[in-house]
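The next part holds the structures, each set out as structure tokens.
The following pair of complexes shares a single chain, chain A, combined with chain B in the former and chain C in the latter.
Coming up: the complex of A and B.
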């Protein structure tokens, strides 16, 4: 009898376990976790591991034989060229993001006002610079700026203007790398802003019109507040990507003339890979991580806060 | 400590296995000597890779080795990135191609190859000093100098522009198939400056790059050598503030006024395009420019003449851009790799390599510079006759005699060309020297 009771208890326990397992698997959060697991593994392998490894490398000496703590960073802080690269990266990223945002904003409004019938064609065409791989399109720009065969200088010569040393003069070279970055990145802003514009309810514009709001007032009190979150997120993502840019500078100038167009990634490549000082290269590439992380936290917190208020 | 008891059953099983292993026939398969893989530089000249394939596969067939060769382009730094990745992962090819100061950067992961070099030197005779300097940076040979891809960058000049604007007959100084004439004694850096000015005024400036590229480093390095100027001595002392360095910077300041304004951002292709487009009167380059011009702009190619460098107070130096083959110390088949390295550097094979690349490659052995391949190239016939050293010209490695670990940083960061750009743009010599000294201090870190 006792034996029989124990058997039935065990069976009930097993059934309970099966039931709770089934419940666990039926839970939405578990399914969501399992479905995102491949992506989590992928990110861990391709992002997390390299990031941790980069931190490890940045703490080694030049020959990667001994731990030197933060010596690579303190060494960099004493270098004049390092601070020049910090300054240039900031100029490059801030200027490029500003112009991308302004151009994207204006073009998004222009496209938004095109009748629906022809809008798709314009959207497609305007996205072309963004969908071409940057290394390819930058190569085309390099040929336009080429010292011997520059198409721009060819036109200038025909109309009696002196040729411009596009990539040879410091200021022109900086202008060129920013120009190409804006050309490639503005369509991303345009498409994001266009999506935001389309989500603004027409009733708000109608109400503003009834209240007698002019164009500027409608823009200031309706359009921009409704687009604010998208503007912030787009600017944040673009700032991070622009700070980490490599291909445009690498293809156009390689940091020349006199290192005055280097950004973090290209200078890290020069010292780390070309110069064989991988720890120093890793230290340079990690320099912006804390600053960008803090910026990202503040911007995202602001967005969440306003989302909750809404 | 536990001891394993040998039982009767275990003893019988072990004896049977040993007997079977000893009595098994030696299986001689097609690849009995294992596998070997090479990561070599992808040759610019069509046919340059084919010759290498033939030479290496001939050896592989004889030695029964399963050999694979990957040709890695320097375009987009593919070769450099592969070297860095393999050194970091300690896996990949067995033999890799290295250039310039790279052997010094990777000494810690390279297998010494003194035994290979003993055989190679016995077959080919003495090697150029500059090649030996880099190859033995660690105290012993850690790479094997390669004929394939080793080159010098002498002037390639427009015959017509030089005659018309500078009054110089380069063919008379450097006649086809013959040694330089006495007229070549006047081909000095001062004559060069005067010719640069005249051609510049005629709208055909010399195309002298000053960016952070090997082409820039090489001609500037030769200029420094010609004046006996060095930024760091062999002991690692910074010698930036010397009379020789000041002299060369004074010279460079004058020269800078006669070269295109955007040379500070030129890449390794810019000077080639400058000459092929018909704009330039002179560049420093191996024959690849002439080869491309022959294909794309034949009317320009037939007016080009490669000849010796100008002479300076300390001599006539041609910039060397060497290549080497190195054996990773994590290679699984070192003995086969060393055997192949010896085979590739036999005189007959070096001859095949030079001919297969139409004279682009230069053997590092003086004894092997008597090939006729350079004299027969054209049009104009003999245009490459003075591509290898003839007469009083010697090779120099930019940034030497600095210790290789520092020299490689000076080279990568293009300190010398940057000094010229700074001076050319109006910075004082004292300020430029101070900047260079600070930079070099940083490169000396361990």
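Coming up: the complex of A and C.
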């Protein structure tokens, strides 16, 4: 592809030397190509090549000397932990994205409700979880969930609730992982939805009011249809990123108790890097591809559509 | 705005004015009430970090009220900031982040300029492709990259694993696609007349870029830089997978792997380290909030 452009450029230059306008045009396209070259090289070498290489790696045996076809995958299919990871990854992503969206939607409305001059301050405050590096804020959560010093359990004790085994029990640990993810991601939804809310023209609300619409009808027929695009695109993005999440699970539970909180990324890390079985790790991480592809197709469709409207 | 509309239509209705504005007042009160609840939820962990960081280990292990500091002390900060190890992490993180932001800008600004203004064969597809690569998560790439580095070492004899500078090559893959994408957007919004005027005045492409595009799109540039900064400061997976020696670690990984030693957790120091690690993005955020938000929301990002 690259060579083809260069060659056709050169050929065109030779063929048409007299038209100076044509020449500048050709030069311009060469310069433009050179300007994007670092970008192309970077992406080709460190994103596209590794992505394809992962497929190759997944077909090798543990020592990476022999081609074993799909046996890494059939091996995974026979393991109970694998199905648990599939299940956990999906539950994790779906629940987390759902609650992020709901909380983001509610908080955006609350911020939108208060007088304009206070909005900046509140928005600034509510976005803090998003600004702190996830690995650092998850440490704070880890400490809040500490088995013997949990500050939540301290409060529970005061008001007479039994202490909760936050990260010790499988279901609580799964809940905690999702909770932290929601905590980090909800502010992002809030900021996106707030921007969408602000872009709804006031005339629409006025018209709804005149037509006698109540609060629910206004929400159902004005706000949500107007925000539909941004709701969809934010949720899609978030699904992709949440599905591929690594930091939170890694810091909070490391997949424990008994590997029950692993998602694809952390399990691939455990087996591939820590366990030294690179092909198996690559095979696991490849299972993220279908979800990512579906998300990417939808996002791309939306972008193309928006591009056409503009 | 909405408030004004509501009161206007209410006053038009005449006698219902009083009840409408009362409703409005109550809606406002409830909004504040719930906003405070959400603010507590969102701010508890960072505040708890701060509370713990001001405690001595004795106070932490004495199980007093965890939400209150009885004997505030800055010992944790003093100890951490004077430890060579922590300084090393901070320095590594700073160097990596500054270099990555620079590299990112050097790659993405010319590319965005070319893709938004100088149409060439395949430029539309390339622009789309750039955006798609942003959707490929690093969790899919770290294992093949790990193997690639090992192979590279076998061929050339240059060790890449466990060298902090390898992050300078890897981080741009996380930042460049997105910064290019938002810079394309910013550049595309600059009126064509502006660069045509520059061309007529005899400016070449380089001058058009540096004298017109960069100054005009400066807000976008700052937003992109902040995005690159945030991503490289917070990145956790790549340094965790590719660096292991203490001298090579960056801050997030350093705090997590060295301060958490087996079962002995020095939580006062861990929280101090985490808070200091969160400080640079928080400070930038406090001063450049609008750029920050613009950078993070332009075209939608991770969440």
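Note that in this section the second predicted complex is superposed on the first by the 247 of 310 C-alpha atoms of A that agree within 3 Å, B and C clash if a C-alpha of one lies under 4 Å from a C-alpha of the other, contacts with A are read in each partner's own complex, and residues count from 1 in each chain.
By our rule, contacts are C-beta pairs under 8 Å (C-beta built on N, C-alpha and C of every residue); 3 or more make two chains touch, one makes a residue touch a chain.
What you see is a predicted model, and the numbers here were worked out from it, not measured in a lab.
Asker: Given the superposition on chain A, are chain B and chain C in a clash or a fit?
Answerer: On the superposed model, which is not a single observed complex, chain B and chain C clash.
Asker: Touch test for A:193: chain B only (first), chain C only (second), both, or neither?
Answerer: neither
Asker: With both complexes superposed on chain A, which partner does A:257 reach: first (chain B), second (chain C), both or neither?
Answerer: first
Asker: Of the partners chain B and chain C, which touch A:92 in the superposed model: first, second, both, neither?
Answerer: neither
Asker: With both structures fitted on chain A, tell me whether chain B or chain C touches more of chain A's residues.
Answerer: Partner touching more chain A residues in the overlay: C.
Asker: Would you check which partner chain A:165 touches, where first means chain B only, second means chain C only, and both and neither mean what they say?
Answerer: First partner only.
Asker: With the two complexes superposed on chain A, say which partner A:173 touches: chain B (first), chain C (second), both, or neither.
Answerer: First partner only.
Asker: Taking the superposition as given, does A:270 touch the first partner, chain B, the second, chain C, both, or neither?
Answerer: Only chain B is touched by A:270; chain C is not.
Asker: Look at A:233 in the shared chain and tell me whether it touches chain B only, chain C only, both, or neither; answer first, second, both or neither.
Answerer: The second partner, chain C, only.
Asker: Quick one: is A:278 in contact with chain B, with chain C, with both, or with neither? Answer first, second, both or neither.
Answerer: In the superposition, A:278 contacts both chain B and chain C.
Asker: Which of the two partners, first being chain B and second being chain C, lies in contact with A:300: first, second, both, or neither?
Answerer: A:300 contacts chain C only, not chain B.
Asker: Between chain B and chain C, which residues of chain A are contacted by each of them?
Answerer: Common to the two interfaces on chain A: residues 146, 149, 273, 278.
Asker: In the complex of these two chains, what residues of chain B are touching chain A?
Answerer: Contacts found on chain B: 77, 80-81, 84, 88, 102, 105-106, 108, 211-213, 260-267, 270, 273-274, 277, 279, 408-409, 412-413, 418, 421-422, 435, 438-439, 442, 445-446.
Asker: Would you pull the chain C residues touching chain A in the complex into a rising list?
Answerer: Going through chain C, the ones touching chain A are 1-3, 5-6, 9, 27-28, 31-32, 34-35, 38-39, 41-46, 48-49, 52, 60-61, 63, 65-67, 106-108, 110-111, 113-115, 118-123, 126, 128-133, 135-148, 169-170, 172-173, 176-177, 180, 205, 230, 233-234, 236-237, 240-241, 252-253, 255-256, 265, 267, 270-271, 274-275, 277-278, 281-282, 285-286, 289, 292-293, 296-297, 300-303.
Asker: Under the touch definition given earlier, write down the residues of chain A that touch chain C in their complex.
Answerer: 1, 4-5, 8, 28-29, 31-33, 35-36, 38-40, 42-43, 46-51, 53-54, 57, 64, 100, 103, 106-107, 110-116, 120, 122-137, 139-141, 143-144, 146, 149, 151, 154-155, 183, 185-189, 191-192, 195, 202, 205-206, 209-210, 233-234, 237-238, 240-241, 244-247, 250-251, 264-265, 268-269, 272-273, 278, 281-282, 285-286, 288-289, 292, 295-296, 299-300, 303
Asker: Can you list the residues on chain A that touch chain B in the complex?
Answerer: Those residues of chain A that touch chain B are 61-63, 65, 75, 79-81, 146-149, 165-169, 173, 253-259, 270-271, 273-278.
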